[in-house]
Amino acid sequence: MTQALQIDLNSDSGESYGQWSMGDDAAILPLVSSANIACGFHAGSPAALLTTLRTAKQLNVAVGAHVAYPDLMGFGRRNMDIASDELTADVIYQIGALQALAKAAETVVSYVKPHGALYNTIATNERQARAVIEAILAVDSRLALVALAGSPLIDWAKAAGLHTVAEAFADRAYHADGMLVSRREEGAVLHDPQQVAERVVQMIIHGGVQSIEGTFTPIQADSICLHGDSPGAVAMARAVRQRLDAEGIRVQSFGVRA
Amino acid sequence: MTQALQIDLNSDSGESYGQWSMGDDAAILPLVSSANIACGFHAGSPAALLTTLRTAKQLNVAVGAHVAYPDLMGFGRRNMDIASDELTADVIYQIGALQALAKAAETVVSYVKPHGALYNTIATNERQARAVIEAILAVDSRLALVALAGSPLIDWAKAAGLHTVAEAFADRAYHADGMLVSRREEGAVLHDPQQVAERVVQMIIHGGVQSIEGTFTPIQADSICLHGDSPGAVAMARAVRQRLDAEGIRVQSFGVRA
Amino acid sequence: MTQALQIDLNSDSGESYGQWSMGDDAAILPLVSSANIACGFHAGSPAALLTTLRTAKQLNVAVGAHVAYPDLMGFGRRNMDIASDELTADVIYQIGALQALAKAAETVVSYVKPHGALYNTIATNERQARAVIEAILAVDSRLALVALAGSPLIDWAKAAGLHTVAEAFADRAYHADGMLVSRREEGAVLHDPQQVAERVVQMIIHGGVQSIEGTFTPIQADSICLHGDSPGAVAMARAVRQRLDAEGIRVQSFGVRA
Amino acid sequence: MTQALQIDLNSDSGESYGQWSMGDDAAILPLVSSANIACGFHAGSPAALLTTLRTAKQLNVAVGAHVAYPDLMGFGRRNMDIASDELTADVIYQIGALQALAKAAETVVSYVKPHGALYNTIATNERQARAVIEAILAVDSRLALVALAGSPLIDWAKAAGLHTVAEAFADRAYHADGMLVSRREEGAVLHDPQQVAERVVQMIIHGGVQSIEGTFTPIQADSICLHGDSPGAVAMARAVRQRLDAEGIRVQSFGVRA
């Protein structure tokens, strides 16, 4: 008897702020199983977060804390040379804020996914990585950490006792060694929904994709990130979701195993 | 057999922000039983909050969320005509942020005390009061609400099922009807530590103090606020504490009943 | 010999912030003669402001400082009980910041229009009004002040020596006494572009419009505000502009008299 | 006939924010000739800045814009990987804000000194350096740029047509090659007021100081930085000033040549 295939699809959400809107949470959340919800430091005013959390609850989508550097003006996309104790406290603060809002929306935060520059930095910067790991352990060691597939962060987090979720990107090209092709290089980002959907299926069924060099590269993918902040992104998410449904691959949060 | 008299003393703390210091938490916290800790909206950067929470834990002082309007530049002292759903979400966010930091410091948030302009506004403004009450209920209905003794807020909160703590001010003059004398009037603020200590004892033993009009005015005082943000304040807190010790009145958080 | 009729049309712009967009400055600015540009306190990150200022310069649109309360989360729409010296300094700061960015864009700030809650408050609150007037005088007494037509603010500002510009709203209903119908009342906001365009022409040619009570009400209109933050708003602005062009009414900033 | 020796002494000021105080502007400003005044991004609420500017005006101290990364929580001390166009706009914004406040205080901004992490970064990072240089040129090319003595920034700024002011540090040890000894190394910071005062005199009279390796190292010092944010700093500034007065060395802003 074979086990049904399943995958988690995650998307950023809750990125509005006061009068400013970003992304279309109502359109993207029905397509994914996990919502990375901003925590106020790069985006997400409390009232906007509460609205998104209620939508996530209604759609039965798992909720993660999308923690970030304190940089509203830069949307958390600028590297910041922050002290370890400051980073730890900032991450604890953000997780807690989202936890309480989640409780008010009758849901719970089940994972942490660092956002933007913090995501990229801690994939390889051990000092900042340890500051984030320490924060999660201090709040709730059962919170999973979503991290770049193949990055050292996954090993550091596992060694510290965290449950890790390896994340792959549906619309990004990979090198033969499993690293992402830099956005500065041509062909780094894929735009064709059918091609992206096809690669998602490959990742799940074959455990990898064709690299930009032409060879097969293995990619561990516990969760696949779909972008949610443009109309094109919604179309792509829809294509991926339809393809997965057609293949009989269940879309389900990593937190829930059948 | 008589029950020993006891009172809660509370003080604002955690009001530093990044490189800016305010108050002397290390000096004031040993003298009180409850610490109203800022939550980042009027003061309190996360790293500073964590330090204060650890001090509170070490000293076995109860911790409250000192929630405020989002107004760092105005230190939460400016009235703000905020929408109810925004206020509710803001308060939930702040409580949650402090809860997680408290957990990291191995303590817990046991009450909520609104700060500054929010404290004064919701004492009598029912719309904003209900927004704060709703926030507390959404996070944890066991959190007590510290509110101005004799204010309508206490009735609204009780009716909503919250545990309320009536707060009196040791260094403020009262009118015969139990209302605080406005700071704009002469004699509104008392500066003599011995006189303030004497009034605290009166409040506890006699259930009230002499009003500015000369008559006795009853004041319900479950908790007495001591200010912590000046050297004079520390001296006053010390005088109050010594007097209570001398009178055999136990200083203990309202959350703990012997 | 008759003088050609002319009017100033103004619109809010520069309201993006970092990654968040608001309004379509490129669509609305070609239709108006004056751009009220945010100054960073309610909206407008510096880089976004510089882009808008360059567009305004290119289109030969006059530039005004859209000063606001320090309230990014509330978009400057929440009343704030700010001290007079704080308000004065806040307004000076904002005007100066925009002046320097304007210089970098090879244009100049020629007027000040308070935004949102500040606009409404100082129309009638003399204390805050005087704080704003003082700020303008301190920076440059030649800066005009755009204020609600018929409001006491206009008299206070004139008495203080400021050049004032009376502003009317194209899409708002007026009472017989010249006051705006509150947005809470039915019929307060007009949505039909042709009707709005017709009223603009009436204001210019007849010096007033039909009130919601049915009688003619005189409205002084040195400048007419068009909203710019929705697709519908752009369509309405286009209708107004086309109608004015058809009537031979010149659209020109109040700062420039033929 | 010999020319009288003179030097500029500068100190950070205007670093209070709302209710938080930092430094003792009233104590340090009488001792220096130039005040580096915060511009709101790392410190300095507008009302606080206006107070400091008035003090500077009263004491006839030259005023500089102490521009910084947008990082209130980190006090501008954290490196930030900011885009060039964002940095340029941020610096223009800050200079302009301070210019208007300076005008309100009847003084003028005569120079720009980057603060904290920005100061250190642009000393050697050409991309960010050029963004700051561009900002100054866009606002007013007559504004001088205060930069680390011996740094590449001075050459870049000069080549771009800016007037540069080489800055030395009175209380820091130097290597034989003219570089500052890192704060992480022992002996990097000098604490004895008399020794610091002696080194200031050496810099002015001999054009350099004894390096930590023991050899004489030439240091160009158009301006010498004194720290102002501690009681010890005021004492040190006083010692330096007294020594300069005793030596007949005039303390005067670089902007003013006798």
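Structure notes:
Think of it as A, B, C and D in the order they're written, each chain with its own count starting at 1.
The criterion applied here is as follows: contacts are C-beta pairs under 8 Å (C-beta built on N, C-alpha and C of every residue); 3 or more make two chains touch, one makes a residue touch a chain.
Bear in mind that the values here come from a model prediction, so they are computed numbers and not experimental data.
Sharing over half of its contact pairs with B-C by residue number, the repeated interface among B-D, A-C or A-D is A-D. Looking at A-D alongside A-B, one finds more C-beta pairs in contact between the chains of A-B. With each centre defined as the average position of its C-alpha atoms, the distance from subunit A to subunit D rounds to 43 Å.
Spacing of subunit A relative to subunit B, judged by their CA centroids, is 40 angstrom. Residue positions of subunit A with contacts to 2 or more other chains are 45, 73-74, 83, 86.
Residues 40, 45-47, 49-50, 83, 85-86, 88-90, 92-101, 103-104, 135, 138-140 of subunit C touch subunit D in their complex. Remark: subunit A residues 17-22, 43, 45, 72-75, 77 touch subunit C in the complex.
Remark: subunit C residues 70-71, 73-74, 78-83, 86, 117 touch subunit B in the complex.
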